[in-house]
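Below are the structure tokens for one structure; questions will follow.
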Amino acid sequence: MIEDWDTFLLPYSQAVSELKVKLRGMRKQFLKNGEESPIEFVTGRVKPVESIKEKMIRRQVLEDRIEQDMQDMAGVRVMCQFVEDIYEVVDLIRKRTDMTVIEERDYVENEKPSGYRSYHIVVEYPVQMMNGQKTILAEIQVRTLEMNFWATIEHSLNYKFDGEFPTELRTRLQKASVKSYELDKEMSDIRKQILLAQKKQKDI
Amino acid sequence: MIEDWDTFLLPYSQAVSELKVKLRGMRKQFLKNGEESPIEFVTGRVKPVESIKEKMIRRQVLEDRIEQDMQDMAGVRVMCQFVEDIYEVVDLIRKRTDMTVIEERDYVENEKPSGYRSYHIVVEYPVQMMNGQKTILAEIQVRTLEMNFWATIEHSLNYKFDGEFPTELRTRLQKASVKSYELDKEMSDIRKQILLAQKKQKDI
Amino acid sequence: MIEDWDTFLLPYSQAVSELKVKLRGMRKQFLKNGEESPIEFVTGRVKPVESIKEKMIRRQVLEDRIEQDMQDMAGVRVMCQFVEDIYEVVDLIRKRTDMTVIEERDYVENEKPSGYRSYHIVVEYPVQMMNGQKTILAEIQVRTLEMNFWATIEHSLNYKFDGEFPTELRTRLQKASVKSYELDKEMSDIRKQILLAQKKQKDI
Amino acid sequence: MIEDWDTFLLPYSQAVSELKVKLRGMRKQFLKNGEESPIEFVTGRVKPVESIKEKMIRRQVLEDRIEQDMQDMAGVRVMCQFVEDIYEVVDLIRKRTDMTVIEERDYVENEKPSGYRSYHIVVEYPVQMMNGQKTILAEIQVRTLEMNFWATIEHSLNYKFDGEFPTELRTRLQKASVKSYELDKEMSDIRKQILLAQKKQKDI
């Protein structure tokens, strides 16, 4: 039994700190090179103990399987401006040699039934502990500002509501997600047109 | 003539640091009290010298009027989940005695022609400098995550494009802003319905 | 009875965050002006609940007197290079209008029996809470790096040892404090000689 | 020729950020385990461009050799309470597999002629850049609070003085360093006696 959750979660909290510094470093590189960054900002958190326990029950995860089966105890989130930025970030993460991608779930193109969209990457990440190296799992969620808008509000509404949403409201949230994604695609298209218009202007 | 911009901007940079700590503190208070926070996150920046100079030319601001006439050299941004949160935050800022609101511009209900939405507050804020107290102007922008999505992208597209956007693209951006605001209002309405449904459930 | 210490300590924790930003800002001002800063670095902490409770018993402080009588629940520490810097910092703090000095204790010249040296300032500091302004007490300790060396180690040795130190060791610590202070004064004197030598060189 | 120093120094600045997070993580581990930490605090910096250029001239380092020959462009400093903590930290760094120690210089036991004491470790550290992994050199300086006191002041006095110190003052600084080291050793001895006294007490 895990008696001291704080100590148990220490490598996860260390991983979150390191991953934040590393992914923010990617943004800095783009900016210093005078390029637009596909990364807008980065946040991170260790899953609160209460949420871990609740998920263990809900998903029937045994305590001795928790490190393999609960992949989001260390969680980092990368926010992008455009949908296409997501795939650029995913690509940059795949190329890194300081973490190993072991699973990818594209909830951008295949959204969850709720309407949730994001690209999830599970990585193996080595942390140096006092008694040697420990490899843990961490989840990196990559999403647009717009997907983050929807997900943040949906999460906060869920939190407010005991139990399941009434069907009608669930449907409205799903529809909002569809419109939200249309906006994301419209913005990408406007950007494309702007780049074309820009190019034309220069060619003249 | 301002010879050393770094030194000139020092009280502005100090104000930004203090305002960030203060507004983030408001969020912490809500969370510690177990309440939802109307503040999702806070960012801040001192206007880059190049942007100040460019704005001086564009708006014909003379250097000896810059401290009164350029109100956004110290800028702080507060992101909210819901439109109604914006007005709660504005109210909280009005009540504070450590800054004085001297101007408010409601671009939420009266959006700019571009489609830009945010609530702008200009405050007088006292900073302690080595040679005594100095009161400077700072601008606090309060907006939803959704308004931030639109404004971030519009800003970044503007940056990419030399000169004015082609009319057609400007129109598309404006329309996207309308849809974006509809989403904001839909989310507020869903929240209202959820609170009602929640209340009904409890009353049974 | 204080039921929720976290909530009770919230204004103290806010004060510590603000004071750190403000005192670090003073250092920045000196550096930007190309001057040496009398402030080397700044740290801060809210007194841990266990230490507050322990001190309430030891000093017989009643809970309804705690806000007036326990002056170091919000604590900030300023480290200086030279003894004379301490008095410069104290002076700068006295001149600020965003906090009011209500007590000063000069343990630099009048060290504690243990050998402890530092300059303690108690200030009244206004914090904006959701239900209005609240003025709290905070303690600012100003000390040299050398005094910090001694105090850090003495504190950590005390922590290790249950009860009182054996007399012989207490005496050795006191003697170390005397030598430590001699070093501080020697460094100040070397600095003075260097400034003189520098001046002479320039006059030639 | 290095045209853009900011871009050239980017991997160094990234390394400093990562190393600070990693070494501070070591401190956290000790504290969470309820043990005393041999690490008191950690600082870091990228060498300012002016200092790099000045050192290139002084040490006759050519620009195409700078990455191998200037080992302290990325610098991290670890402060300890006791001299023996230095060697514990050095040991912990040697055991890490995310950096490779390639050189050690023990200026603790073999101080520099000036009186300077610290333990210097040069490590190879891999940073992930956009175009792949880049291994850079970084210098980790490990020292007591007391050594840091002396080194900080000596550095700041040097900075004040154009050219070499007058011999007499150089001698006084060296002597101060000797006394300072005696204090370090006295503190270590007091600690040892306290641990012994503590043990005796428990055995009774």
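Going in written order, the chains are labelled A, B, C and D, and every chain counts its residues from 1.
Convention: contacts are C-beta pairs under 8 Å (C-beta built on N, C-alpha and C of every residue); 3 or more make two chains touch, one makes a residue touch a chain.
All figures in this text were calculated on a predicted structure; none of them were measured in a lab.
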item	value
Number of hops, subunit A to subunit C, where each hop joins two touching chains	2
Comparison of A-D and C-D (more C-beta pairs in contact)	C-D
Chain centre separation in whole Å, for subunit D relative to subunit B (CA means)	42
Geometric centre distance via CA averages, subunit D-subunit C, whole Å	25
Distance from subunit D to subunit A - Cα centre to Cα centre, in angstrom	36
Multi-partner residues of subunit A (at least 2 other chains)	none
Subunit A-touching residues of subunit D, taken from the complex the two chains share	6-7, 10, 13-14, 17-18, 21-22, 25-26, 28-30, 32-33, 92, 95-98, 126, 128-130, 132-133
Subunit C residues touching subunit D - in the complex, by the definition given at the top	36, 40, 81-82, 144-146, 148-149, 152-153, 156-157, 160-162, 165-166, 168-169, 172-173, 176, 179-180, 182-183, 186-187, 190-191, 193-195, 197-198, 201
